[in-house]
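Encoded as structure tokens, the structure appears first; notes follow it.
Order of writing sets the labels: A, B, C and D. Residues in every chain begin at 1.
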Amino acid sequence: MYELSARAREIRERLLGFMHEVVEPGERDYLAAIAQPGQRWEIPPVMEEMKRKARSAGLWNLFLPDSRNGAGLSNLDYAPMAEIMGRSLIAPEVFNCSAPDTGNMEVLHLYGNEFQKRQWLEPLLAGDIRSGYAMTEPDVASSDATNIRCRILRDGDHYRISGRKWWTSGAMDPRCKFFIVMGQTDPEAKPHARQSMVIVPRDAPGVRILRPLQLFGFDDAPNGHAEVAFEDARVPLGNLIYGEGKGFEIAQSRLGPGRVHHCMRLIGLAERAIEAMVARAKSRIVFGQPIARHGMAQEAIALSRCEIEQARLLTLSTAQALDKQGTRGARDRVSMIKIVVPRMACQVIDRAIQIHGGAGLCEDSFLSHAYAGARSLRIADGPDEVHIMTLAKMECSRGEG
Amino acid sequence: MYELSARAREIRERLLGFMHEVVEPGERDYLAAIAQPGQRWEIPPVMEEMKRKARSAGLWNLFLPDSRNGAGLSNLDYAPMAEIMGRSLIAPEVFNCSAPDTGNMEVLHLYGNEFQKRQWLEPLLAGDIRSGYAMTEPDVASSDATNIRCRILRDGDHYRISGRKWWTSGAMDPRCKFFIVMGQTDPEAKPHARQSMVIVPRDAPGVRILRPLQLFGFDDAPNGHAEVAFEDARVPLGNLIYGEGKGFEIAQSRLGPGRVHHCMRLIGLAERAIEAMVARAKSRIVFGQPIARHGMAQEAIALSRCEIEQARLLTLSTAQALDKQGTRGARDRVSMIKIVVPRMACQVIDRAIQIHGGAGLCEDSFLSHAYAGARSLRIADGPDEVHIMTLAKMECSRGEG
Amino acid sequence: MYELSARAREIRERLLGFMHEVVEPGERDYLAAIAQPGQRWEIPPVMEEMKRKARSAGLWNLFLPDSRNGAGLSNLDYAPMAEIMGRSLIAPEVFNCSAPDTGNMEVLHLYGNEFQKRQWLEPLLAGDIRSGYAMTEPDVASSDATNIRCRILRDGDHYRISGRKWWTSGAMDPRCKFFIVMGQTDPEAKPHARQSMVIVPRDAPGVRILRPLQLFGFDDAPNGHAEVAFEDARVPLGNLIYGEGKGFEIAQSRLGPGRVHHCMRLIGLAERAIEAMVARAKSRIVFGQPIARHGMAQEAIALSRCEIEQARLLTLSTAQALDKQGTRGARDRVSMIKIVVPRMACQVIDRAIQIHGGAGLCEDSFLSHAYAGARSLRIADGPDEVHIMTLAKMECSRGEG
Amino acid sequence: MYELSARAREIRERLLGFMHEVVEPGERDYLAAIAQPGQRWEIPPVMEEMKRKARSAGLWNLFLPDSRNGAGLSNLDYAPMAEIMGRSLIAPEVFNCSAPDTGNMEVLHLYGNEFQKRQWLEPLLAGDIRSGYAMTEPDVASSDATNIRCRILRDGDHYRISGRKWWTSGAMDPRCKFFIVMGQTDPEAKPHARQSMVIVPRDAPGVRILRPLQLFGFDDAPNGHAEVAFEDARVPLGNLIYGEGKGFEIAQSRLGPGRVHHCMRLIGLAERAIEAMVARAKSRIVFGQPIARHGMAQEAIALSRCEIEQARLLTLSTAQALDKQGTRGARDRVSMIKIVVPRMACQVIDRAIQIHGGAGLCEDSFLSHAYAGARSLRIADGPDEVHIMTLAKMECSRGEG
């Protein structure tokens, strides 16, 4: 329905071919590698190989709308690429399109100074390093940004950062070189001017990776999600991004495209789940006929198809709104997809699990891991309830000027 | 998202103006007129006035893709018009775009012979008469067309029709002049070649309107839904449409655009319901603050918005698929909207009822009547279960050639 | 599971017999009588006949725990009787056990003075008159009792009542002789001491029945639900119940048993719906086999059975809690059944409608009418949302002393 | 509501005390022990200590209705004990009441010969060994028992067992000494007379534990769920339980009480989840007030309470039906709880996760692990769909004799 540009169509074809030829077999090697004793937190060499191939194939940084450093695709043109990559848990990294690096690159691209760009953005764009985004805190309801307690104190020519963050994705990855940290610079300012963002190298003194967190039992190695302590960590003043008190503003700006990416990836995952569901339903016999001929399985399949199609159209329409109306104009749709897509993905994957029986619950299928990922997105980046409240308020103020 | 053609945009503007200036006040007169004692089954004169105005304003037969008799709009261009009309239960008739006339005109336009066109299609196009579609039978599960028992027997130069039909919408309307009747001409033929369609004048001997049916207590006067007996009713052979054994094929052809129309009208109704819900939630105070500030009401509003947007995009995509790929290529999407949209409308309207409290249950709001209409569409034109089964089968045979 | 007393078991047997022998045929006569032109708001004679029979059979006032005037059954013993009566929309009246008379008798029994008992309670107990309960107002969210605006002004030896009420069930019934009206006597008092209850004869000057209200499209004749204006209506001071400022307290007291009755009746209705669903599913053939062999229908049947059983057990446990711990101790359970049972009934009836197809939508089955009744109970007597809030608060204050 | 016997009340009190004094602190030690490097599949000594204490406290084999070997409690009396134990993932083992040992003890108690009882039942009753139940197969839809392919071939004075089983819970436990294996002895017999059950020592030649399976990401160490290959494993003829062709009958018999146990344990887990949900909602502030004061959280809490109460009553009523009417008479209720309770537990735990935010997704709460367990019970022991079908059939054959 939504028409891709000619260039996006061409890239899409190549991306599909690359997924099939490189990523699918590579994923098997990758999983085998980290399953080796003692190799869980090492990056399998096949990943760097795949990255090299993707880069030379021009399938690199497709997410970045800037055409000098990225593919220069619009949000609408990139969305189907994100869906394709989302089918595999490792594919986004192959194309240097994985969170939280994408959001961090976006932020540095838009708000970073020259030094920050050279020091941090360029190696990220090159895929030489990775990064983390330290926003959520274990001790407060972080969905309300004004709750954030981490302190960023100016002290001469340095900032001193104190606080505890968790669910810092990618922090366990040995290639992770820095975090973008959100914290309070001025607790007395107006609620949305209290926060700032600062770049903190992972090896800065006072930074301590406390532990990897499990998501429904999955450690998501070798990238992982970490709890990180900042114990009077010191960074030069030049590591501040954009300006003091700009943290909230920066955070908002990264949310629009980032949420579209997340949602399109989930749609890819849900699409893979319905394919698996159909394949299983056709091949297993129960009570004399394939599962696919039993009414409740048909219901699972048909409703999943209906929900995926709707979620995809809504997300594409959001990408288009971002292109045409900007983050502000697309705000309502961004909230909608954040509410709708993770729920849809959970539901579709859950149905696929049910149809797989025991195989759906264990590591023989991708489903339980996919479920955990989809479920986490009903909480990460603002829980459903916050987006529901936001969307309802927008709906109630329509036409009120 | 979906771009309308320039012509459709222009018509849409005029349609909106007409709705506001003519239909909204006209609806009040209309309802008042049929509420008068003894006037329940009379057509209020204001209807014919509005029709005249609509016709001279060029807002007439917008549904018909044929540009000589209708507006020549594509399905995608017409869809938003159907949504607008759907906000009012009487608006579709004002623009000569109401079911079942639209489907009947479509059938006669595509399959009627010259005589049938002159005799039945032309006055329908002119809005001078109305018609009924006699398909569903009380005694069998009519969703399975092979169950249809009504007999159409060739007898010399006539057909004799015997059977009982119900939910024949429009049959109570004094302007209704004929029915298109589906029945079996050859019970021995292959299942899908048994049925034929024949035109039966409402005043033909042997046609008896048994009673109006109530839908959740609503009689939907003055159009109504009737149970009709065909007791050896006789019509000339020339009243057969297209050919013996073609009934199933004709029935299929009318379903694609017809379902898009039904669904877009329901989306208009749901949109009106969410507007009413928001208005009520903002104006009523409970426990010290407007309902709109209570979490569960926010959830009702936000989820309704998400569901409406998704349903609309899906239906528009279906209209576009009909335009580009034809009925066959759009089959899966047509089933999807038939499953999704009535359920969505029921849910949104039900939430609006809940927020309205007692006012939502009675005639002081349009909501309970709208609910009854939306609920009936989970059954009419094939119940959910049949479409779910059909869609699941299509999903399972994808890529099987 | 829950054991009935020997006496209740004996009554229950007789009640079942009476339902079968008297009420079932009587219901057909009753419906035929009010369907006659001009008879819609007349009480069919068969009703008074059935009442006489019920009374002489000792199946009278079974709801009243007082053994002098009623059956002296506990809440737990009466609950299954209410379920049996609930299967028919007219049965409760036959046994003098229909709302709002039951609640009004309860109130007069507990709080009425001698005069009130003689004047109003005795003829109600005898089934000679009927009554209304005028609580809900069209202009405010009445679920928050502090919103009630109707004024009850002391003026010498009279009260003057001014306000508008609606959904006053039974008010259209020609036998209805008085209303219990809730209104404000002292707007300056503490929120829960502002209201009082007063008896207002239906023929008092200043009482005007404005109109019957429709529930969905049903007028529920000949009992009906009315909008009633009190325009400076005057009643003697002796018509005040219990004391000024006691309105809220009295209202609370009638809620416990009343809600159990409502819920058990709905369970009876749901039970009748699942029986109808099963009968239909077994008798209709679609795609070569009875509906009952299709998976989605099986799901509808099985889930309905699970939900009914659970709702029944919860309601019986609530009846028992009322018996053992009183209204206060059973508060949480009373909220639970008010949330659970109407939703369950709506869902079960809705599934039965779906399986009936067109027959489920119209007057050929009891289902659409039953749906309207069940749906109204998600609003009447406090909407779901209020009970959810109340229950959550109780849950949060558990163990806090 | 359901009254416990005096003896059960007394045991229940002691059980609660023991849980608080012994199991709660013991659970912390246990989890710490298996978290040590290399200790994952070792049984922490604290477990055997707790078992000794439980045994000397007379809180041992409470599940066994036989009063010589067990507590002699009825199903109804034992049910609340299972709920209490179910709050902790390790508590059932402490009291020698954990699956699959309980089912295996039941089977040996009812169907075992003297040799089998002495050899296998006695050490199980003493808590000296553990056991596995090898029923489900990876290659077939095992919910349809006639699909089972594992062969049990008579060969002189031995049986030779060949097949592959998985989800054999407890098989990874070093104390596990034998499996009860379900397989086909006579593929030509009538469908339900083909299967037999045989005892296979874990160290029998030809038995190979292939791998532990993960449930979502949890390995459930040190008990685990294994895939097990039987490669021409040989056991003496005396290891056959009850008789050839009796496998299906034995399997049925263990299902009634076993399902009540599973369900009551899940109810305990759900109860713990709602308590955690409430505690979290009361302590976290978001947008200026505790989560517990936000409407959507109130809805989560209240609906969870309603669902838990209903599920508990239904399960207790099932236990009572088993006591009074036996497995056959309770069949419909056993299916109901199997459908209702795991879904309820998933839903309640999921809501608790949502209210916990990030903490609910990781190992800092018990919730994600509890979710995985509850989710698996929608598949284990017959998937929802099979029980729905079964229950619908029973509903449809009611009153048909």
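Observations, loosely collected:
One rule holds in what follows: a residue touches a chain if its C-beta (ideal position, glycine included) is under 8 Å from a C-beta of that chain, and two chains touch if they have at least 3 such contacts.
For clarity, every value in this text was computed on a predicted model and none was experimentally measured.
Among the remaining chains, those touching chain C and also chain D are A, B. Greatest Cα centroid separation from chain A: this falls to C.
Taking shared numbers over all numbers used, the chain A to chain B interface scores over half, which places it in the same class. Taking each chain's centre as the mean of its C-alpha atoms, chain B lies 53 Å from chain D.
Centres computed as Cα averages put chain A at a distance of 43 Å from chain B. Computed from the mean C-alpha positions, the centre of chain B lies at a distance of 37 Å from the centre of chain C. Contacts with at least two other chains are made by residues 294-299, 385, 388-389 of chain D.
Chain contact topology: the protein chains form a complete graph, every chain touching every other one. Listed in rising order, the residues of chain D touching chain C in the complex are 1-2, 274, 278, 281-282, 292, 295, 297-299, 301-303, 305-306, 309-311, 313-314, 316-317, 320-321, 332-333, 335-336, 339-340, 385, 387-389, 391-393, 395-396, 398. Considering their complex, residues 136, 138, 140-144, 147, 166-167, 213-219, 225, 284-287, 291, 294, 296-297, 353-354, 357-363, 368-369, 371-372, 375-376, 378-380, 383-385, 388-389 of chain B touch chain C.
In the complex of the two chains, the chain A residues touching chain C come out as 294-299.
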